[in-house]
Amino acid sequence: MAVVPILSDKAAGADALAVFDDIRAKRNTDYVNNFWRALAADPALLRATWERLQVVMGPGHLDPLVKEMIYIAVSVTNGCSYCIHSHTAAARAKGMTDAQQGELMAVIAMATQTNALATALQVPVDDRFTVTGEGPTDDTP
Amino acid sequence: MAVVPILSDKAAGADALAVFDDIRAKRNTDYVNNFWRALAADPALLRATWERLQVVMGPGHLDPLVKEMIYIAVSVTNGCSYCIHSHTAAARAKGMTDAQQGELMAVIAMATQTNALATALQVPVDDRFTVTGEGPTDDTP
Amino acid sequence: MAVVPILSDKAAGADALAVFDDIRAKRNTDYVNNFWRALAADPALLRATWERLQVVMGPGHLDPLVKEMIYIAVSVTNGCSYCIHSHTAAARAKGMTDAQQGELMAVIAMATQTNALATALQVPVDDRFTVTGEGPTDDTP
Amino acid sequence: MAVVPILSDKAAGADALAVFDDIRAKRNTDYVNNFWRALAADPALLRATWERLQVVMGPGHLDPLVKEMIYIAVSVTNGCSYCIHSHTAAARAKGMTDAQQGELMAVIAMATQTNALATALQVPVDDRFTVTGEGPTDDTP
Amino acid sequence: MAVVPILSDKAAGADALAVFDDIRAKRNTDYVNNFWRALAADPALLRATWERLQVVMGPGHLDPLVKEMIYIAVSVTNGCSYCIHSHTAAARAKGMTDAQQGELMAVIAMATQTNALATALQVPVDDRFTVTGEGPTDDTP
Amino acid sequence: MAVVPILSDKAAGADALAVFDDIRAKRNTDYVNNFWRALAADPALLRATWERLQVVMGPGHLDPLVKEMIYIAVSVTNGCSYCIHSHTAAARAKGMTDAQQGELMAVIAMATQTNALATALQVPVDDRFTVTGEGPTDDTP
């Protein structure tokens, strides 16, 4: 169904293969999933995406499972079937329980419906929800 | 800018006012934000939305701040300006730090770009990301 | 393809099964479609969704077929394949003719293109399209 | 806020002005709203959009108010502020009551949340919801 | 998977068949793709869509391949699997190279992530990005 | 309206200021637009976004103006008001004519409507639009 080939290790060029190898090493698995193999036709885009993903999803101020749940929320809202599958699997691997998944579903469903209502009614933002002292718009620095 | 009136307490009917009072009591504040006042023209919808919100965002298996961040992620992806404002304020009130907000932004930006790439390339879902034993499709129970 | 099991009657817990039975009774059919079976892992979410659906889609001020067509319009715009299928079937069951379906398609296509144009050009809203006397934004009640 | 000028009658070229005059004649009003004035820089696009709108929204198999409500549903889901405003005003002008508007809101909110759930869980479409005898895919005619 | 039949030449009515024949003639091919066959149940919508497509995608001020890439960008963002497939094939047929496709992917991914960030932070538009002299909003002409 | 402060040069930290200075140098202007000032609270995200933007929008296989038009197409479809404004200004600065802008609008409107129709009818992808020899899904490398 892809609009590009999903490159096997043999079909991938040396630059792409180096990224595949890095994925295997960092994830401690032999498996490289289709997303990366689809990007492999453009090794520069493949590498930039993989490098950035590690920075963003790596250790920081949010729990790794929380990051996966946020990723799922965005992917659901964007309707990305591939990403919903891959990040639900990742969240499961990081310990997401059935109960947590159920709550994640409930929050997504709630948010999406109040989003629709606020948009449908074009509700004006309350003054207290905006940040004051916004600063420059076309002013000198 | 709204397409419905944002009802003050005086303009709201008794059913809507009862919900406003419940909001004030549960949130321990005098302030009822515009979203609820915009819904007040339809007290049944107002009440159903408020009741459901309390269930979904109330105590459970996910941290309240995590729920707010998921709410923000959905609202950003849906482009709901009102909800981005109100739930960013709520997340702040629940302790979201600048560093956490920065990471939330980074995860949203990352997810949205890999969503676009997976969709653009129509990457097929890896077998291992699907749940086996799916069961009924037009089967007897 | 699902990321959760589609629970058969046997696999579903008692709480979920009670909802399945209610669906069968209210719809006067033996068939419970996959959407409900996918939600069954979280019986509280299953029940809340089913209860709310009955209220919203039940008798009221809009014709049942009109509600189904609005449901289709939203589902198409959100790109929800499952919902497009299920609600097109429901609209057909409620009497949607080929000619009505053709007009529904034409209205959706028209709306979506003028949405794109108005957004692309960032057309300011005419004063006459806003509701006056909006009332409170950080005002006392 | 527009990214193009909102052309007054004087600023519009002859081709655009002819469309403005047709809008005034067909709608029996002196007022030409900003959407058309924003399109006026490209008279061919202006005319094509106006001509098509009349066909789609004109008499047919669906009630004019129903068409407006479908238009609103699409516009809300696409988050088009301008179109929500203009078509809510149009629906009001065609007799949409508060109670009907409330139900429209409730259906949009319901659809959008079940869209999110069906997408989040990647629920497979039930066989009975697909049309059989689909016919050609790469076959001879 | 369709919710309407994909009509073969035999199943299509005379009005639809005339459009199929025009597609074959204009594209110099025997093949009529599924999109048109799905629309064939409503010959008026089929014809209007086909006629408009020719105007929009025909010779003008933008290169035909550029138009296809813009079409792909919109289709990806809307998550339309069918259109991504058909317009990627069309872009390929018009000479899109692997390197150009890679850059198209990179621009789509970049845009979608800065869209998310600007929306998430609700960044106010700089004065210099708006067009001055916007003209009428409820003014006399 | 922002949910974060739009930092002036004085309010920005040293790391953010270094990025502002680089923006000024590379763009040969004194002006740093609000998007970057909104990101400045998170200098790492600011720098990563700016660095990546330069790579993606820099010299390559697509014309710079074509890249801006693709950027606009994505931003319109995502409904990002800020990005529509800033990239329409950028496209203008790179020479986009009124006629080209008109065609860009027409292509976006066309794509979005056929996206809606293909999605609404759930048209199956023609075999000839898919890439053959897709390769691995859960196979050994």
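So that you can tell them apart, the chains are marked A, B, C, D, E and F in the order they are listed, and the count of residues begins at 1 in each.
One rule holds for everything that comes next: a contact is a pair of C-beta atoms (placed from the backbone, for glycine too) under 8 Å apart; a residue touches a chain by one contact, two chains touch by 3 or more.
Keep in mind it's a predicted model, so treat the numbers as computed, not measured.
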Problem set entry | Per Cα centroids, the chain farthest from subunit D | A
Exercise. Across the interfaces C-D and B-C, which one involves more C-beta pairs in contact?
Worked result: C-D
Seminar exercise, completed: Matching B-E in over half of the residue-numbered contact pairs, the equivalent interface among C-F, A-C or D-E is C-F
Seminar exercise, completed: subunit A to subunit D, mean C-alpha position gap in Å, rounds to 32
Problem set entry | Cα-centroid distance, subunit C relative to subunit E, in whole angstrom | 26
For this session: Express in whole angstrom the distance between the two chain centres, defined as the mean CA positions of subunit E and subunit F.
Result: 19
Problem set entry | Multi-partner residues of subunit A (at least 2 other chains) | 1-4, 6, 31, 34, 45, 48-49, 52, 55, 74, 76-81, 84-85, 88-89, 99, 102, 105-106, 108-110, 112-117, 119-122, 124-126, 128-130, 134, 137-138
Problem set entry | In the complex, subunit B residues that touch subunit A | 1-4, 6, 31, 33-35, 38-39, 45, 49, 52-53, 55-57, 60-62, 66-67, 69-71, 73-83, 85-89, 97, 99-100, 102-104, 106-126, 128-130
Problem set entry | subunit A - residues contacting subunit C, complex | 79, 81, 84-85, 88-89, 98-99, 101-102, 105-106, 109, 116, 124, 126-128
Problem set entry | subunit B-facing residues of subunit E, complex | 72, 76-77, 79, 81, 84-85, 105, 108-110, 112-117, 119-122
Exercise. So in the complex, which bits of subunit B are touching subunit D?
Worked result: 1, 3-4, 41-42, 44-45, 48-49, 74, 78-80, 134, 137-138
Seminar exercise, completed: The answer for subunit E against subunit D in the complex is residues 1-11, 20, 30-32, 34, 37, 48, 52, 55, 125, 129-131, 133-139, 141
